[in-house]
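After the structure tokens below, expect a handful of questions from me.
Per-chain residue numbering starts at 1, and chain names A, B and C are given in the order in which the chains are listed.
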Amino acid sequence: MSKVILEVNNLMTKYITRYKENVYAVNDVSFKLEEGRSVGIAGESGCGKSTLALSLMGYYFPPLHYTSGEIIIDGRKITDMKPDDVRKQVLGTEIAYIPQAAMNALNPTRKVIKFIEDVIRVHDPKATKKDIYDLAQQRFELLNLPKEALHKYSVELSGGMKQRTVIAVSTILSPKVLIADEPSSALDVTSQKMVIKMINDLMDLGIIKSMIFITHELPLLYNVTDDIMVMYAAQLVETGTADQMIFDPLHPYSKGLMGSILVPEDGTREAKITAIPGTPPNLKKPPEGCRFAERCKYASPQCKVLNVEVSHLDNNRKCRCLLSEKELREVYKDE
Amino acid sequence: MKNQIKQLLKSGKFMVGFIVFMSILLFITIYPFFVPGNPLQMIGYNSFIPPGTYLSLYDAVNPNVFVYTLRIPGAAEARIVNTLPMSDREAMRDWLVRAGMPEAAIDIYDPETLLALWNANYDPDERIEGMILADHRAYQRLNNRIQGMFDASALRLYSADPETGEPQFQAPITDTDYIALSDIVNIRRLPLGTDNFGRDMLKQLVQAIGVSLRIGLIAGSIATAIGLLLGLVAGYVGGWVDEIIMFICNLLTVIPGFVLLVLLAFSIGPAGRSVTIVGIVIGLTTWVWTTRAVRSQVLSLRNRDHVNLSKLSGHSLPRIVFKDILPYIASYVVMAFILQVSGAILAEAGLSMLGLGPSTTEVATLGLMMNWAMSFSAHIMGAWWAYFPVVFVIALISFSLNLMNTGMDQIFNPQLRD
Amino acid sequence: MSEPVKNPDDKIPDDFQAPKNSGDSDNPNDESDISTSSWERFRRNGYTRYYTKRTIWFLVTLVAAAILNFILPRLMPGDPLAAIMQRVAVGLHDAEQVRAIYYHYLQLFGLDRPVIEQFFIYFGNLFRGDLGLSFSRFPRPVSDIISNAVPWTIGLQLPAILTGWIIGNFLGAIAAYRRRIFDKIVMPASLFVSGIPAFGLAVILLAVFALNLGWFPVTGGYEIGLIPHFSWRFISSIIEHYHLPFWSIVLISIGGQALGMRSMSIYELNADYVRYSRFMGIKDSKIVRYVFRNAMLPQVTGLALSLGTMMGGAIVAEIIFSYPGLGTALLQAVREGDYPLVSGITLVITVMVLASVFLLEIIYGLIDPRVKTTQYE
């Protein structure tokens, strides 16, 4: 077993809306990420997966607020650190982020190299211009970006180039954890593949040590990440390896989510496309008991009352369901 | 639509603007019923009568008015305090200083204490060293005058005999005589005084608000009509029609509307510049923004599914415009209209300041009132009531309309919402 | 702002050199080839296109403004010359002089000739700077009166509007950043102040600071009785008289600019790059500088768009102080029905506004890199 890079224990964060309501968008999330591994987070839109990405940074500003739980990166508990220390010592070097809207992630009126300078100087105020330039150039070459792009404003770059530039900028300080929040959703298929290949290359080269990939496109996760976590209504409902999760989902929600996609592999080709009935619960007033109970066709009356904890199964799998693995398999067999 | 109105009612900004504006409207509608009469009638023979309540002196000394006797403590002193001229106060201070009192201890703006100081210290027989006799006598006379004010010697009221012209004794008036205000028939309240011509400022202001709003409405309606029409045509027809309209729009954006306004108003000449014409002229120079807003909305609507569906269903152009396009741009048009009304009120005021406003003596407008006040140097005469309320009202109307517009903007353009 | 305006010389040469291995077909720069002539490259450069467009547009608006100035008075019913003479005759008793003026205008306007020919006469005169003779101050040329007034107006309005713009942007930025504290005060105050007409504020300032407190002189651009010349006394008198008109224009300009800057800044503060920069560890004070620089840029355009209205208001405000600029000249011209003077002044105001807008557009092109790329749409 290799070294744990990122450990998240019972993390809970909330949004405070302008009407002063608390919306817990990340609720009791725990997982571990080992060096050299990548994990995908999947879920319907609004389930809190993007908020989880933001919450993992350990750097909170309104409307997002930290409530409880801990984030440990490489042995350092960043949830105990002062925000300014997190900013200087964690962001960019320990954990970095590729935003969902990479198209607009760069300041339109600042040259790329200038922004890279700003980023590097946060952590190393004494860095010389030449060192910064050399590093940036080297990384740009690595990501097959022309070095002229360094001297351009982001508006002068095309969509694909912007995306790659953002990846280069995010990883410039060789972060231990890279969080990519649907970095490819706005791109065409070729560009998507390129982006994913680039991130994988960065990992192979050891520039980044681990990766969290957030998307709603499950087939993408199968090709990209080692593990998959499924999120529902601010909670992780099931965790496992990509193979397990795609071909053998346990949690009724995961099963429904997998059922709504087609994977061109044997065995699933004939699977019926099924939609999950109903809508996710309102996070302002989450229901008692299991949050999926309302929509779950296997739910018993108990499900709506009892608090459901995550159960650890064999093979490092985790599942948040009242039914045991055996019971679930029984139920699925009847169909 | 209903939902949007509900949201508007919840928007604090919109409601504050709306309530202020409606209060102004309510006030100018109701006020004329309470104080009837022609607002431009010259009632005062002095220029710039200050705000206050004026009661007829003739009615007050009429022997038929019932006289009450009231002994109110301090009344005499208050009277003296009110009538002690500044020159006397300065003279009192000078004497006290010469008698050895520190100047800092004397406040001539506080007549009551000054009087007390005087009575305590002044001795008519004491001649201060170095004071010439003439001054000594002058101070004695001053003291007599002051003491004389305390004497409750009665005034006497005479009237001229209609036949002989001989004065006839009517009644004594003593300092304890009071009459009831309700017994006096002729009282005129001038809350904002009068202007140079002796016209009641408040009545004039009430009328001027109405007329200025009318100019705003005329200008706003014309600008909105032109803007809507050109914007619809430019956006929906497109092609070279669009290009020509946009070319004119761009031109009028950089060529200041103010200049066009001055040129047009000047060319029309004073004979033709009625209230309506000024409103029309203002409207003709301010439609550009509506056109732009409508055009860009129509452009984005033109290819929406529901419009395409309507086109495919063979609906007529007017039906498409009225049913499928107008309802979507209504909010923008209303917002532009509100801004144009407030812009037109300001434009009228500016024009009138240049002497290019409505050339009428029948009615007042806010701009004309301002122009009159400036022409007769109200500001130099210190007659703040002749211009400040006008400026304030212009600002208040414009503020309330802008506030309504901002509130609507936040509701109809969600990306601006905080 | 954090980054000073770039020297265009350092920008143009190395930026339009295309990245050869970018592989982005949608990057227009890819088309440029070493073999193309330098003129061709110059022509394709986004900046050149931008400036060429702006220059052509400036010339077109200039001509259009002149045409409007020619047409509008002629659209009115009646014989313009008769109307002019009617007004002239009121003030003049010397028959000889009346005749002289009549022939002058007959010749100047060429009213006995077809409209097209009149138009060319008008334009020819304009090119020579001949705006005719004033009625009210006959035989002084209009151009002479205007050239005396223009320096006062420019000297007053240019610094005042710029100061108002800067202060307004500053307040708007603070209002956007410190939402809770300043927003509740700055925003309604700005709305209210921007509703006050410039001349209204001018009167109030005049009454309070010149008449009641006696801090500043009441009217004029300099002490009455002084002859304009270069001396300390004259200059200090100018400065004394400058304060009130200056501050009234500044105060009026602040409101609108603060409102614009506030909403631009809020928009920018919510932009994606702000969040990204934060997560890259950039400190807030630096991000605020990014944001305000970006919010300022549209404000330059905003200034260009509102300049006409602002100058219109400021010109009326001049009247309150009898400032010896165009506003006071315009008022006199209107009062005395001095047609050539009114027409000349409106034309000069238009030219001043157009030139300022043109200048702002040039500056904007230099400071906003986005201009270059949008030219390829």
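Annotations for the structure displayed:
We take it that a contact is a pair of C-beta atoms (placed from the backbone, for glycine too) under 8 Å apart; a residue touches a chain by one contact, two chains touch by 3 or more.
What you see is a predicted model, and the numbers here were worked out from it, not measured in a lab.
Core chain by CA centroid proximity to the global CA centroid: C. The chain with its CA mean position farthest from that of chain C is A.
The centroid of the Cα atoms in chain A and the matching centroid in chain B are 63 Å apart.
Measuring from the averaged C-alpha position of chain B to that of chain C gives a distance of 31 Å. Centre-to-centre, using mean CA coordinates, chain A is 52 Å away from chain C. Residue numbers of chain C whose C-beta contacts span two or more other chains: none are found. Annotation for chain B: residues touching 2 or more other chains are 418. Partner chain C is touched in their complex by these residues of chain B: 250-251, 253-264, 266-269, 342, 346, 349-350, 353-356, 370, 374, 379-380, 382, 384, 387-388, 390-391, 394-399, 402-403, 406, 415-416, 418. Only residues 57, 60-61, 64-65, 68-69, 72-73, 75-76, 83, 179, 188, 191-197, 199-201, 203-204, 206-207, 211, 218, 263, 266-267, 305, 307-309, 311-313, 315-316, 319-320, 330-331, 334-335, 339, 342-343, 346, 349-350, 353-354, 357 of chain C touch chain B when the two sit together in their complex. Those residues of chain A that touch chain C in the shared complex are 54, 57, 59, 61, 87-88, 90-92, 96-97, 99, 101, 103-110, 114-115, 118-119, 122-123, 144-149, 151-153, 155-161, 166, 169-170. Partner chain A is touched in their complex by these residues of chain C: 3, 14-15, 17-24, 26-27, 29, 271-273, 275-283, 286, 290, 293-294, 297, 368-370, 372-373.
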